[in-house]
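Okay, so chain A shows up in both of these, paired with chain B first and chain C after.
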Partner chain A sequence: MGLFLQDLVNGILAGGILAVVALGFSLVWGIMNIINLAHGAFIMLGAYITYQLFTSLHVDPFASIPISFAIMFAFGYVIQKYVINNVARAPVLTTFLLTFGLSLLLVNLALMIWSGDARAVTPTYAGSNFSVGPVTIPWAKLATLACALAITALMQLWLARSKLGRAIRATSMDIGAAQLSGVRVAQVYSIVYALGAGLGGAAGSLLSLSYSLNPSMGEPFIIKAFVCCVLGGLGSVEGALVGGLVYGIVESFGSQYIGTGYQDAVALVVLLIVLILRPTGIMGKATA
Partner chain B sequence: MTKLGLGGITGSRQAFYVVLGLMAVLLFVPQMHNGYLENLFRGILMYGAMSLGWNLIGGYTGYVSFGNVVFFGLGAYTAATLSTHGIRNVGVAIALAVVIAVIFATLFGPPILRLKGHYFAIATLGLALATQEIVSNLDYFGGGTGLTVRQDQFFSLYYYVMWGICLVSLLATYAIARSKLGYALVAIRENEDAAAVLGINATRYKVLAWAISGTMAGAAGAVFAFANGFIDPETAFSVDNNIFPIVMALLGGVGTVAGPVAGALILTAINETLWSHFPKVHTIFFGAVIILVVLFLPRGLLYLFRTRLSPRIFLESLRAYRV
Partner chain C sequence: MKLRHLSLPLTLAFVATLLLPIASTPARAAGDTIVFGAAVSLTGRESKEGRLTQEGYDFWKDWINAHGGIKVGGKTYQVAIKYYDDEDNPQTSAKLVEKLISDDKVNFILGPYGSSASFTTAAVVERYKVPMVESNGAAETIFNQGYKYTFAVLAPARRYLEGIVDMATHMQPRAQTLALTSANDAFSQEVAQGTANFANAHGIKIVYQEKYPVTTTDVSTIISAIKAANPDMILNAGHLTDALLVHKGLKEQNVMAKIYGYSVGPDTPDFRDSLGKDANYVIGAAQWSTTAKYKGYPGFITSSAEYTKQFVAKYHHEPDYHNAESTAGCLAFQYAIEKAGSLDPQKVRDALANLDVVTFYGIIKFDSRGLNVFKPMVVNQIQSGKLVTVWPAGVAVAKPEYPAPVWARR
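Then we have the complex of A and B:
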């Protein structure tokens, strides 16, 4: 029972970060119909921003979250405005390869700057934890989960209440009608991609406390983000949250009962089953 | 959605003949007794076959697979496993690799090919990653450390066999493109519902196309294992082997017969030049090359054969798809 509870808690702790990882990916996919294969690279850059701030300026990893969000937001805005917007309406293959090329470029640039050596962000509180009955919880991971939930809640609030948030939701519902109502779609696209990149950067900062850093650390998260979106349904904040938590728990139990080596395979098998049985996701709408 | 194809079912006929002539020249590469060149051109022929394979499902049928490397990897592991059991005949390995590719495609094709667009792309990517992870966890296949592939045949044989696979794939693509199957596949790409209404059994044709596609990659993988002498999950299912064939097809011309081979030749040339001049940063340039091709040449180089050259054609796609 203790082991079961510990796995459940581990799954939820991991799932919170995954929710932020999936959120940026989900917005870009849901609103612009672009699978952003550079999302993993954005996560990696966010993690390295935190690492750099921590080692050179002794900035606390949690305090660096807004900084990596802001830097990656600006970067994503420029990329979308000057590059991706040019082919945003092209078929799947075009944007797939475009973002793949971008990812290749960024990962290898990072390799040049930081080399391939594994790095770690180790604040003094990194190892401390507390126990509730049979379950051990690291403080850093609990704080990470809290930040992840706060980011998700902020995004939800902003999308629901702000003028720009409404414009974004309108664009995802009906691009033509949004244009007719005076929404500047190109501008919305740039903001959405910037948000995707910014959230990727924030997710990277969160991850830096529990993962070792290397330039290709972000790549596994692309497929994970995809699975979360499929599980939770596309383009919504709740969807990403539910998808992230479900995925985190499945992964945690999968590695406990089937073997750590099969961690990704378990998740991918879940993905294939969900795609085959319910191609629009557990919570998705009836049509894709 | 507008199409990236060239119109016409085979693309440019002249380009096809040029590529055929090129293939004839490539037959003589081993005569030069230059190990580097033989390796380089065997790589081009390998990517040519894989790219032709991808083109059949991704180009003609319009189902953008991001996991065709799974067939290549299975083919390579088939050859490696046979070799560890003392069977080192490349013909036997190819035959078994093809059988496995067909079984795999028939098994997973019907559920996966129901998915469209991004869902299909990621499902195939997931399938490739899961297969890689399962293979690297099985001690029978050498686990993460891989298998040494012993070869006891005359080494240039692998060049000639790879050449044969590329040529057969090229001719098969030409034949398929002009056959009922080819028209059915293009009909599915253009409008699957309309194709179904016309009596095309879409599922059957899609699975058939994916199986043939896998056959080409699987055969190439079997020969690669022998020529390389060593196989591990990272090489057999590598990202390069997954993405290169797609970029090559795009560079040459998606949904044309000659495009993939032309793309394999040109992209390998670009990659090799970058690698020898900028060994440390060549992958950065390679990323940039992909971005530039996607932005400015999405119809591929063969398109340039078809129209009057002017700067305008490089901006066409930017106009068509801008928001």
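Then we have the complex of A and C:
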């Protein structure tokens, strides 16, 4: 029973981070129809921003989340405006290729700047923990989960209430109607892509506490983000959250009771089952 | 975007980069120079290890040239090494080695970085009957193909963690139980298999064994299961990234054991820098350490201490075992060529097969498959932030700190 509860907690803690990882990916995919293969590189850059702030200026990793969000937001905005925008309405394969190239470029640039050495962000409280009955909970991961939930809640609120947020949702529902109502689609796209990059950066900051940094650290997260999005339902905030949590918990129990070697396989089987039973994802709505 | 205006300068720059390596290295073995060829990962995921390999090779080359060169028969030769970047791709590595042999006409091949690339290049040197000494591919599968021209100076994968288990059986109180985790790549699987066999043979009970995907990003389930199994000893066969992930996870869930050991990780400065004082008491296996006390044959630097000193003077960082084993690979060639008294590939191959020398790096002697099964791994422990050799007792400079105290007191 103790192990069961511990696995459940592990799964939820891991799922919270995955939700943020998936959120930026999901927005870009759902609204712009771009499968952003550079998302892993954005996560990596976010982690390195946190690392650099921590080692050079002693900024706490949690305090660096808004900074890496802002830097990556600006970076994403520029990339969208001057690079992605050229192929915005192109077939999916074109954007696939472009974002893949972008990813390669960023990873190799990071290799030049930081080299391939493994690095870590280790504040004094890293690894400290507390116990509730048989379950041990690390403080840093709990705080990470809280941040993840806060970020998703803020995003949800912003998309629902703000003018720009409503414009974004309108664009994702019907681009033609949105344009007719005066929404500047090009600007919406830039903001959405920037948000995706910013959220990737924030996810990288969160990951830097429990994960070790190297230029190719983002790669495994692309497939995870992909699965979370499809699991939860594309392009929605609550979808990414549910997808992340479900993925985290399934992976945790799958590892324990079926075998860690099948970690990815278990998650993909669950994805298949969800797609058969609910093709739009757990939280997805049927499209008109 | 007006990329068209840029296309001409870009193309020229591209062509220039292609021509660069050709212009800067000697074209072929000629005159009084022995030319070695090597395809190592200078870019890509394993570029770090590739660079360490290159440093190890170059250190030997420059030392030998500064000390007069290699004597072959009555004649003295200088040494040159021609490099290509295999971009961390085993197939590319094989192609480049083929090019080194057939186009560049190098005399001998020094190995690439990693087991996968060593595996593909071994097939090429076999076809051309040119001997290769490799220093960075420890998977035994390379040597179970019946090849005659590939030799490895490093101890095979299955021996990586044996030393730690051996040490554990000599400690008071003796470690009784083991939790063993491993990444699911060929090298780590061989390490885990060898460790499990050795532990069973020495009366240590394996209470938990599990493998995880190389790309794993979360090992907390494994950590929970280890905690539930409550072993005396936790060993991991994997790579630097997962070693860090596992060790952080063990602290996060407050898992206590007497020994924490990793096949790869503790010997790199990255591990110590990343974990700070949590790295203390961690035990690692290494092919070599700067403090290992071997007494080498004359003809090259004979002690680890002197090697370390001269290496630091040249490269401004401490040599790690990748550097040392790469230098050792060159040394195997040096002694074999001197013994053969010839540059004939067949004669040098035969001399390699019969080689039996001790170097600053340890013994170099090959079994019939070309594998250096005679060399033990050294066991290092991180003690107060420094890596020191603690086992085997004969080459150790410090006693193991055992058992590890609770996390708060490390």
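Criterion: the second predicted complex is superposed on the first by the 278 of 288 C-alpha atoms of A that agree within 3 Å, B and C clash if a C-alpha of one lies under 4 Å from a C-alpha of the other, contacts with A are read in each partner's own complex, and residues count from 1 in each chain.
By our rule, a contact is a pair of C-beta atoms (placed from the backbone, for glycine too) under 8 Å apart; a residue touches a chain by one contact, two chains touch by 3 or more.
These numbers come from a predicted model, not from an experiment.
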Inset, instruction - For A:86, select first, second, both or neither according to whether it touches chain B, chain C, the two together, or no partner. - result: both
Inset, instruction - Check whether A:172 is in contact with chain B, with chain C, with both or with neither, and answer first, second, both or neither. - result: neither
Inset, instruction - For A:104, decide between first (touching chain B), second (touching chain C), both and neither. - result: first
Inset, instruction - Figure out whether A:261 sits in contact with chain B (first) or chain C (second), or with both, or with neither. - result: both
Inset, instruction - With the two complexes superposed on chain A, say which partner A:189 touches: chain B (first), chain C (second), both, or neither. - result: first
Inset, instruction - Quick one: classify A:68 as touching chain B (first), chain C (second), both or neither. - result: neither
Legend entry - Partner chain(s) touched by A:205 [first = chain B, second = chain C, both, neither]: neither
Inset, instruction - Using the superposition on chain A described above, determine whether A:236 touches chain B (first), chain C (second), both, or neither. - result: neither
Inset, instruction - Kindly list the residues of chain A that each of chain B and chain C touches, one partner per complex. - result: 83, 86, 108, 259, 261, 264
Legend entry - Contact footprint of chain A on chain C as seen in their complex: 1, 43, 45-48, 184, 210-213, 215-222, 224-225, 227-228, 240-241, 244-245, 248-249, 251-254, 268, 270-271, 273-276, 278, 407
Legend entry - chain B-facing residues of chain A, complex: 29, 33, 35, 83, 85-94, 96-98, 100-106, 108-109, 112, 185-186, 189, 223, 226-227, 230, 259, 261-262, 264-265, 268-269, 271-272, 275-276, 279, 288
Legend entry - Of chain B, residues touching chain A in the complex: 1-4, 58, 64, 66, 111-112, 114-119, 121-123, 125-127, 129-130, 133-134, 136-137, 243, 246-247, 250, 254, 280-281, 283-284, 286-291, 293-295, 298, 317-318, 320-323
Legend entry - Touch list for chain A against partner chain C, complex: 2-3, 6-7, 10, 13-14, 82-83, 86, 108, 111, 115-120, 122, 126-127, 129, 131, 136, 138, 140-141, 210-212, 214, 216-217, 219-221, 224, 248, 251-252, 255-256, 259-261, 263-264
